[in-house]
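Going by the order they are written in, the chains are A, B, C, D, E, F and G; count residues from 1 in each one.
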Amino acid sequence: MERRNDQRNRPQRPIDYLKNSVSKIILIKVKRNRLFRGLLGGFDEHLNLYLEGTSQLFEYQDEDGNIREEHEDLGNIVVRGDNVIFVCLATPDD
Amino acid sequence: MERRNDQRNRPQRPIDYLKNSVSKIILIKVKRNRLFRGLLGGFDEHLNLYLEGTSQLFEYQDEDGNIREEHEDLGNIVVRGDNVIFVCLATPDD
Amino acid sequence: MERRNDQRNRPQRPIDYLKNSVSKIILIKVKRNRLFRGLLGGFDEHLNLYLEGTSQLFEYQDEDGNIREEHEDLGNIVVRGDNVIFVCLATPDD
Amino acid sequence: MERRNDQRNRPQRPIDYLKNSVSKIILIKVKRNRLFRGLLGGFDEHLNLYLEGTSQLFEYQDEDGNIREEHEDLGNIVVRGDNVIFVCLATPDD
Amino acid sequence: MERRNDQRNRPQRPIDYLKNSVSKIILIKVKRNRLFRGLLGGFDEHLNLYLEGTSQLFEYQDEDGNIREEHEDLGNIVVRGDNVIFVCLATPDD
Amino acid sequence: MERRNDQRNRPQRPIDYLKNSVSKIILIKVKRNRLFRGLLGGFDEHLNLYLEGTSQLFEYQDEDGNIREEHEDLGNIVVRGDNVIFVCLATPDD
Amino acid sequence: MERRNDQRNRPQRPIDYLKNSVSKIILIKVKRNRLFRGLLGGFDEHLNLYLEGTSQLFEYQDEDGNIREEHEDLGNIVVRGDNVIFVCLATPDD
């Protein structure tokens, strides 16, 4: 599972692209319409994730029709990978 | 599956981060909107969990719109890992 | 899968904690909101369970708002492990 | 998967307890609220089942509130194990 | 996976009982309440099925409360095994 | 996984029957009530499918109660096998 | 998993057909009715996908009954393969 050619070749496994987001803030969309934001502390090939300083985000429309966001602080969490739909990676300049 | 370098290197598998929460109180969010709080007695790579002194928590809004919590004592339980969505780890000073 | 050090070390796999409940009464919460109570006769690493003298429990509110319990006797059953959410272990003095 | 010590030791795998019900009538509760009754002709470790003379049972309340049972004859069937929730074993004197 | 003792011993795996239904008409109950009838052309250990001259059956109540059946011809189909709930085998004299 | 005796013996795995439909038009019924029609370009043992010139078909009743069909062109697609319920094979003279 | 004969033989695994869409725009239909459009950066045999410059697309009918599309920019994402229903490949002249 370990790849030795990261420096030499462009990585090809989707999971490998998470490496550049370690220690950065990412967004994770999870089944049952959950959305988490946290600092990626670790991951594995099942997409199990360790997140630090995590918030669960809730979007709703206020009375004027504006989309607003609330969040609940969860601290450091381990997400079981089979719940993940997709991960938004950190942008290079994050 | 056994890692020998815990002392030397930062662990990288998300599951490894559960080790620091053993014998501490954690929160577990489970499918079908269940929430458990208990002392982490053991875990494995499937995220099967052994919890001591477990409470299942129920949140509801009272008549004044305040969110309140009730709980049901379950004692010592074994949770099958495939039901787990995420685990909130204990904070270092717990 | 066999562990030889049960006597010497504290077991670490959550499944191992079921051993102390063999031949004792346990509660099992199963998907689709089922609850079973029976004497644990055997289990395996998938959490397949063999239960003796099993009752399926049904909770409901009576006309006065009290939560009451009915049960249906099922005798000796084998539960397929992938339906299990959690198992409440027997207390030491059961 | 073959156990040689059936005569000498008490079997420990839940699946093994099905052996005493072979050629006897059992009840099988299946997902999507199905209930089958038939003679157990064979099984495997996935809980795939071969049943002879099978009836699918339907319970309903009649106009007087009594619970009544209808059934549909299915003959000999093979049930795919992943649909099984639990199996009620035959009683020793069946 | 190949069994050499079919002639000598009674087969024990539920899947093996499908062999006697090859080239005969069987009924297959599939998740999402589908029912197929066709000639069993082949199967494997996952309960993947190859059926010839297949009809999908639809049952409904007519205006007089009689249960009637319509069908849609599907020709030769391959059913993915994980959708199968149970298979009604052909009777010996089919 | 390769079978060398296709010419000599009748194939027995259901998946093998897809070979005769390669480069022919097939229908695929997929979970969540989707129906695809396309030219089978390739498949594997998971029933992953590569389809060329694919249309997704939608059936509906018009105002006169006639069942009509609309379709959406998808071009060349790869279907993940675990979504497939069944595949209608091409008829020999297609 | 690596195929050496891509140049010589027509590839046969459905997954292999994704190779020609690397660095091109593809559409991905995901469970729970999600639709993504992005540049395919990488994939693996589970259909895990790495997408760059991804938009999630939402279709709706406006007041005049026209089907319109809105989108939400997600940036670079990793999609967990078990959520994918199908992938629309890039056309050769994309």
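The criterion applied here is as follows: a contact is a pair of C-beta atoms (placed from the backbone, for glycine too) under 8 Å apart; a residue touches a chain by one contact, two chains touch by 3 or more.
Just so it is clear, the structure is predicted and the values come from calculations on it, not from any experiment.
In summary, the pair chain C and chain D forms a contact in which the copies contribute largely different residue numbers, shared numbers making up under half of all those used.
Between chain A and chain E the centroid-to-centroid distance comes to 44 Å (mean Cα coordinates, whole Å). For the pair chain E and chain G, the distance between mean C-alpha positions equals 35 Å. For chain D, the set of residues touching two or more other chains reads 82.
One ring covers every chain here, and the order obtained by setting off from chain E toward chain F is E, F, G, A, B, C, D. Against chain G, the residues of chain F that register as touching in their complex are 30, 32, 34, 36, 41-44, 48-50, 74-80, 82-83.
Interface residues of chain C, counted against chain B in their complex, comprise 11-18, 31, 47, 81-82, 84-89, 91.
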